[in-house]
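Down below is the structure, laid out as structure tokens.
Naming follows writing order (A, B and C), and every chain is counted from residue 1.
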Amino acid sequence: MVRPGTAARVGAVVSVPSVLDLLGVAVFAVSGALVAVRSQLDVFGVTVLAGVTAIGGGVVRDVLLGITPPTTLRQWPYLIVPAVVGLVVWRFHPAVARLRRAMLIADALGLALFATTGTAVALAAGAPAVTAVLVGVTTGVGGGVLRDVLLREVPLVLRREVYAVAASLGAVIVVAGDSLGLPTTPVLVLAALSVAVVRILALWRRWNIPLTRS
Amino acid sequence: MVRPGTAARVGAVVSVPSVLDLLGVAVFAVSGALVAVRSQLDVFGVTVLAGVTAIGGGVVRDVLLGITPPTTLRQWPYLIVPAVVGLVVWRFHPAVARLRRAMLIADALGLALFATTGTAVALAAGAPAVTAVLVGVTTGVGGGVLRDVLLREVPLVLRREVYAVAASLGAVIVVAGDSLGLPTTPVLVLAALSVAVVRILALWRRWNIPLTRS
Amino acid sequence: MVRPGTAARVGAVVSVPSVLDLLGVAVFAVSGALVAVRSQLDVFGVTVLAGVTAIGGGVVRDVLLGITPPTTLRQWPYLIVPAVVGLVVWRFHPAVARLRRAMLIADALGLALFATTGTAVALAAGAPAVTAVLVGVTTGVGGGVLRDVLLREVPLVLRREVYAVAASLGAVIVVAGDSLGLPTTPVLVLAALSVAVVRILALWRRWNIPLTRS
């Protein structure tokens, strides 16, 4: 299912945003660790949940694309960053929890980075457009879904806020740029910015999708 | 792990029941959307849950068989049908919810189609008999399990009704027909009818497996 | 991603501990079945949960490594053992439940066997050290996580006891032995014993990781 030269192309796409990617990992790790602290987990559970939230989306992405073992299970930084974040949050969580607004903004940036790079990795692996969009959105929201399922909450992405819609927007921009033959890096940056802006505006202006009629 | 020519054989097996397959997708999408409406999800959550319930079993099937990216993530109809169903159910759900009996019968047909075609796809991918049965049953029940886990319910298949037993019957019929060299299409139809009849009889006559002794 | 000759090497590694491996399957099946009985599932649900708990970790391991269809879905003993265990536990569960202490010790042995053989299978499939450790720990704890998620409990591994730490110790010993070129079987036995001893000592002396500060 994977075109020749996939590994090299995947590598090129992944290496470009690698610093931002690790920033996304760190941000999602903070989110997972804070939720774990609130659920009364111990330091080990907090660290595990930080890691699952941070790299879960990437693992699901690679399993769906047949990239095994998943990239995020093969590189030390993807593991060390969540571990350090988990320990720091566990130790200082009253201070960290007070940074809720900063964390939501950072979370929006993480969603933006993961949804767009996830789409790019899928395209580089030879996936068609529709697959790339779905895989990109899954990469963006996957870690949070695993976090919520493990802690017995209905996943945030299924609830009220404009979350997966923002991720879908970014994925569609990446696919459109690819099919128009535009250069990759500016398209990725534009897509990520779009996701982040929509998500942050939704938080700021309390945008909601219309609720179920009761 | 996959025999030469697998892609062609999988294609042949999958194309035969493709209309019925999409009917199964639609029916499972209705089931997922109705449960989401009852759980107070918004229109986006309802649509997502319709999609997860409808194509979840097929995605798990393909990941287990190493068919990546999964077939159901590569074809537009598999995505458009659940999206439309989700929107329609969300808009008209009081009327749809009143069709509960029709929905349970349709759900039985969906289980029947997915369990039998799932088994056939596994055989076509070169899986041995035991694997094909397990993969077929997983395809039939997988979407419902994901739906229930995301909404924090104990999966229906683990609870009282004759559900996975009916799916297993259909999978065994497909494997037996394959090992006897019988023609594929009649065997698939017979297997699907068997699942549907057993499941509908179980609903109608309230068949149950003996409960845990209390 | 997989080196030439992987299948043969995986086969060699897996065959060595196959009796102990099936003992681990049986022990985890007992654990899953007992939890299912307590959750009022019927005989079918008890058997399914016994199977999911017993082979879930191995299925996740093989999906992460790209070994498809997963080994545990291809061999009858991996299915017959949990089925028989599920039926026996369902029939005699008051007696089995009284054996709680024996079961916890057996569970420690199962964790020990699965974490170490999981690591060895990952190394044989060509995974780098960090991947092998993660895959090994996942193999050890995976079945229990699936069991708890399906029954709507926060996974035991995220809660207080020294569980995944013991599994990590065993995985690190296997990787260290491999990188030092030591013979496989004695290293596996030493690693498994280390996991079991740490886990049983933790149960016996009520070792806990420091709780979240409240």
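Keep in mind that, in the parts below, a residue touches a chain if its C-beta (ideal position, glycine included) is under 8 Å from a C-beta of that chain, and two chains touch if they have at least 3 such contacts.
Since the structure is predicted, the reported quantities are computational estimates derived from the model, not experimental observations.
Engineer: Examine where the copies chain A and chain C touch and state whether the two sides share over half of their residue numbers (same) or under half (different).
Structural biologist: The interface is built from different residue numbers on each side, given that under half of them are used by both copies.
Engineer: Once the Cα atoms of chain B and chain C are superposed, what angle does the rotation have, between 0 and 180 degrees and to the nearest 5?
Structural biologist: C-alpha superposition angle, chain B on chain C: 120 degrees.
Engineer: Rounded to a whole Å, what is the gap between the Cα centroids of chain A and chain C?
Structural biologist: The answer is 29 Å.
Engineer: Where in chain C do residues touch two or more of the other chains?
Structural biologist: As it turns out, chain C has residues touching two or more other chains at 63, 66, 149, 152.
Engineer: What residues on chain B touch chain C, complex-wise?
Structural biologist: 1-2, 63-66, 122, 125, 127-128, 130-131, 134-135, 145, 149, 152-155, 157-160, 164-165, 208-214
Engineer: Within the complex, which stretch of chain C touches chain B?
Structural biologist: For this pair, the touching residues of chain C are 36-37, 39-46, 48-49, 59, 63, 66-70, 73-76, 79, 90, 93, 149-152.
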